[in-house]
Amino acid sequence: MSGEKISRRRYLELTAAAVGGLAVGGIVGYSLRKPEVMPPGPAPTHSMVMIIGGFKPDVVRENIAEFDREWSIPMDKRTEVQSLSGDLTVATETKLAAGAPVDICYSYPYATTTWSKAGWILPIDDIKKTDIVPYDMSEIKGKLYPVVVEAYSVEGKLYGLPYYVSDYGCILTNEELLAKAGMSDDYPTTWKELYEKVEVLAKKHIVDYPLLPSWYNEPFGIPWAFVLEVINQGGNEAMWAKEYPHGPTFDVGTLAEEVLKDWKNAWDNGWVPKGVLTMKQTDFLGEFATGKYFYQVNAEYYLGYMNDPARSKIAGKCSIVPPKKQPWGLLDSAIYSLVNRKDRKDKDLEFAQALLEFLGYKNRYGQYYVGKRWAILEFLKTMPEVLEDPEVKAIWGAKLYRVEDLDTVNKLLSIVQIPLAWKAPWYTKWNTIAQSELPLALTGQKSIKEVIKTLRDKAEELSKSG
Amino acid sequence: MINKKKIIIAIGCFLLILWTLTPIYWLFNISFMYHAEAYTSPAHFFPEKPTISNYLRALGFSAYNELSGQIEGPAGYPVKEGLINSAIVATAVAIITVIIASPAGYVMGRLKLPRKNLLLILLLGSRTLPPVAVLIPFYVIGLKLGFVGNIFGLIIMHLSITIPLMTWILMGFFASLPIEVEKASRVDGCTRLQSLLYVVFPMASSGIVAIGLLSFLISYNEYLFAWVFTQGTPAVTLQPVLATMWFMIGELNIMAAANAMGLIAPTIICIVFQKYIMKLRIVDPVSIVIR
Amino acid sequence: MFTKRLTDAQVGLLLLLPLIFLLFFLNGYPLVYSFWLSLTNYDISRGTSDFIGFLNYYYLFFNDPYFLNSLRVTLHFAIEATIISTLLGLGIALLLNENFRGRGLIRTLVLLPWAFSTYAVATLFRYFLAQNVGFLSSLLYTLGLTKEMVNFLTVEHAIDFVALAFAWNIAPLGAFFLLANLQVIPEDLFRQAKIDKANVFQRFRYVILPFLKHPLIVTLILNNLFSVTETTLILILTGGGPGVSTQTLSYWAFAQSFINYSFGYGAAISWVLVLIANVIGLTYFLIVTKLR
């Protein structure tokens, strides 16, 4: 039994004094109560429970309220949303292991492997349309991003529907600056080309630092930047073994070392701001929004942030580099999982399945209600079709640099890679170590070979001990 | 000579003001900016488009954003509740600590126990364990005793921090007060209690008030226990709220506004206290006490 | 009368005893628990919780490459932060002890940094010191003193800036405590010193210092205590970075427990920290007591 965190969104939910919530399963519950009179109809025998983390709980509660409204859930059986504090995976796992009554929870690639084997979450392939469950899973499965099926299937069975699917590690551009440098539409097609273009831009001395790489001090900052740059260029095989538990294949003298060399080169040449090593995510975002960089390595959904005039100076001028010769970035996502709740009676399971479909697919009226909300509010994606929705296109088309960027994002998401090691429980510890080790290669406190060797040895040790 | 002294004092004051106020000015500067302006390089020393929207949004209202021309909703953090709860808890802690630590400090200060200093150093030494390490056992105790989720538990936890600390500080303070005045009052016919209340405590009042102020601030600024015991509940205090704002994709300008509002209570306390200490100027013709 | 006094004091002690017991328990239980924890390999993410004796400590001292670094950083930070805070506090107290116009206003101002919580100070100084959007670097750049935006939080100097932020926050505590003690010094002594034509330094040594010895010890010990156990400031200001250059023992213990979930190991580091904190505190105590 292990619970380790990987997804970026999960790290956002990590808070300082986690222990209280972890060690004793300290949990806080909220209930949404709206005094309304509902017509009688089929109803669950108890309130359904969804556990979430700290990201936008208000939006989640509004979504759930909509579900209760659509299904005319009586007031005393309203669906409950519990916001857990601390590390979400560990807190969720504590609850699941204790057999607490939960219907829906968030799940991540490695958690899916462990929790499905423990029998805490249910496979969803066999969900059939009934008078309560609106859709057949066969209809839904074909519409998902392929990587979702890959990341969240265990032994061929799918264990949830997407909460969000995003690509972390794309190249965001500042089109205004690029135009000034005469390099509009001259996008790099590989990581090596990116550094070449950065070198050219640096010589023009238009800004102090042409590139803002994802080397900031968060678990999803510098370690992810490293992993994605390697697997984008060399495939998953360049980092990990194909078979579980996906031990390390990288070593001194392989692509991994090349990547660090590229990094050190950029650092020494002054193409990147040295303060990036102590930045946190808020700073990292704000920095690019100052408009003083040509490129930033970031998640594609920050196109929303960068094009928002309330938050960014480059609103309307931020675009994204399409994938041509290689994919960009890695998969950052989570799913809604159906929990194997023991005290279900009558139609409770079907209501839970309906809730799952409401959240991860469409509401009972055939609309992508939740998916569209996330897309419009936060530019988060769930399914390819959501991005093709005319309303979404209209809203984002107006904000983005060009409306074709939506297609670029769709393309990026359809070929995004998932680091294989994320399906194994040992990865998180390695990630934390990488977070401290990688900067040492940049600042010169350790040589590149030493850092690669340490990372490899640690990965071996951790993957063998499980 | 006098002029030289005045100049030195003036320079000292100027530097002190600069040192103290510059970061505070920066906090307020950011708190009045829109998000986009807060991230400008090089930074603006004065908001070009000043706004109070951050304060409004932190308190739970919606506000108009000039830059985007849209109304932005409330920030979504219980800042208002946090402010109120923090003020209540800190006040209670301060009052109770003064009531308990003053006589305790007096007894410790006057008592002729062998190895008393050692005892107290041990007590203080035990506090060197980083709070982080004691979180789990405290949470377990707290849960069993019903401390979680209400302010009473938090008050007691804070008292466990302030009382030993303040007793320790007051101990030295009481010990350095001239014993003769006390003895004199006893000779004049005061009972022990009267001597304590009417002679000793007034003499030590600057110290006692100091302790009260300290306890208030320690409790107000304490975040670890506040986090564990009140996070997510209606009893949440300010520091956990600020922490949550930091760990999510914080909007720096709203955080600055929340922090600025959090300064109101401590500032008032500081002003009140400061006036008090101005009144105190103990003139004692009796001999010096050297520790 | 003397006998009666002792008895009264003993009564006082008896009244205090339950309080003392409660406090020892509230302090003692976590101490014992965390010590026990340090003898296990309790790790939530791996699901282990076996008793392993002193293995954690063995690994810490002999096998962990980060230990010496953390030790060095901790000592660097604790000593620097304590001394800066205390000297600053002393200077402020001496200044405010003088009578001048506007003293009341300045006294209030001086207390403000202490009114900030650690979170507030940390976030504040992050944006004060930020490379591209911070106040200091913007000021230097706009005034033309530097050609590019300065990065203050470098590998070599990040810890110094953390110490400065810490001193900014904590110094008023000591200042105000020392001031309260300065105010108790009888006027007569100052008059006497003037008559004896004592200069500033002699006045400080013979009139002021005797009264300040105990408060100075208290201030040094408190500042030391706070600096050695400071975790939040580092967490928010630098996250232990860049690299591990601001990873003090307290931050490291925190990171091991709450980011790595190795509570056993984190507890072991905490206990090493306790040892060091007490050693430093004792050293200050001895030094200042010997000071004459």
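Annotations
As written, the chains take the letters A, B and C, and residue 1 is the first residue of each chain.
Basically, a residue touches a chain if its C-beta (ideal position, glycine included) is under 8 Å from a C-beta of that chain, and two chains touch if they have at least 3 such contacts.
The model shown is predicted, which means the values in this text are computed figures rather than measured ones.
Between A-B and B-C, more C-beta contact pairs are found at B-C.
Of all chains, the one whose mean C-alpha position sits at the greatest distance from that of subunit C is A. In this assembly, the C-alpha centroid of subunit A lies 40 Å from the C-alpha centroid of subunit B.
Separating the CA-averaged centres of subunit B and subunit C is a span of 15 Å.
Among the residues of subunit C, those touching two or more other chains are numbered 132-133, 149, 232, 257-258, 263.
Each of the following residues of subunit B touches two or more other chains: 38-41, 132, 136, 223, 243, 252.
Across the assembly, subunit A contributes 14, 16-17, 19, 23, 286-287, 290, 292 as residues in contact with two or more other chains. Partner subunit C is touched in their complex by these residues of subunit B: 5-6, 9, 12-13, 16-17, 19-24, 26-27, 29-30, 38-43, 45, 100, 103-104, 106-108, 110-113, 121, 123-134, 136-138, 141, 160, 163-164, 168-169, 172-173, 176-177, 186, 192, 206-207, 210, 214, 217, 220-223, 238-239, 242-243, 246, 252, 255-256, 259, 262-263, 266-267, 269-271, 273-275, 277-278, 280-285, 288, 290-291. Partner subunit A is touched in their complex by these residues of subunit B: 34-36, 38-41, 65, 67-70, 72, 76, 132, 135-136, 139-140, 143, 148-149, 223-224, 227-229, 231-233, 243-244, 247-252. Contacts from subunit C toward subunit A in the complex involve residues 44-47, 66, 126, 130-133, 148-149, 151, 153-155, 158, 232, 235, 237-245, 247, 255, 257-261, 263. Across the complex, subunit B is touched by residues 1, 6, 8-9, 12-13, 15-16, 19, 23-24, 26-31, 33-34, 37, 91-92, 95, 98, 100, 102-104, 106-120, 123-125, 127-128, 132-135, 137-139, 141-142, 149, 168, 173, 176-177, 179-181, 183-184, 186-189, 210-211, 213-215, 218, 221, 225, 228-229, 231-232, 236, 250, 253-254, 257-258, 263, 266-267, 270-271, 273-274, 277-278, 281-282, 285 of subunit C. The touching residues of subunit A, when paired with subunit C in their complex, are 1-4, 14, 16-19, 22-23, 90, 208, 217-219, 273-275, 277-278, 280, 283, 286-287, 290, 292, 425, 428-429, 432, 436, 439-440, 443, 445.
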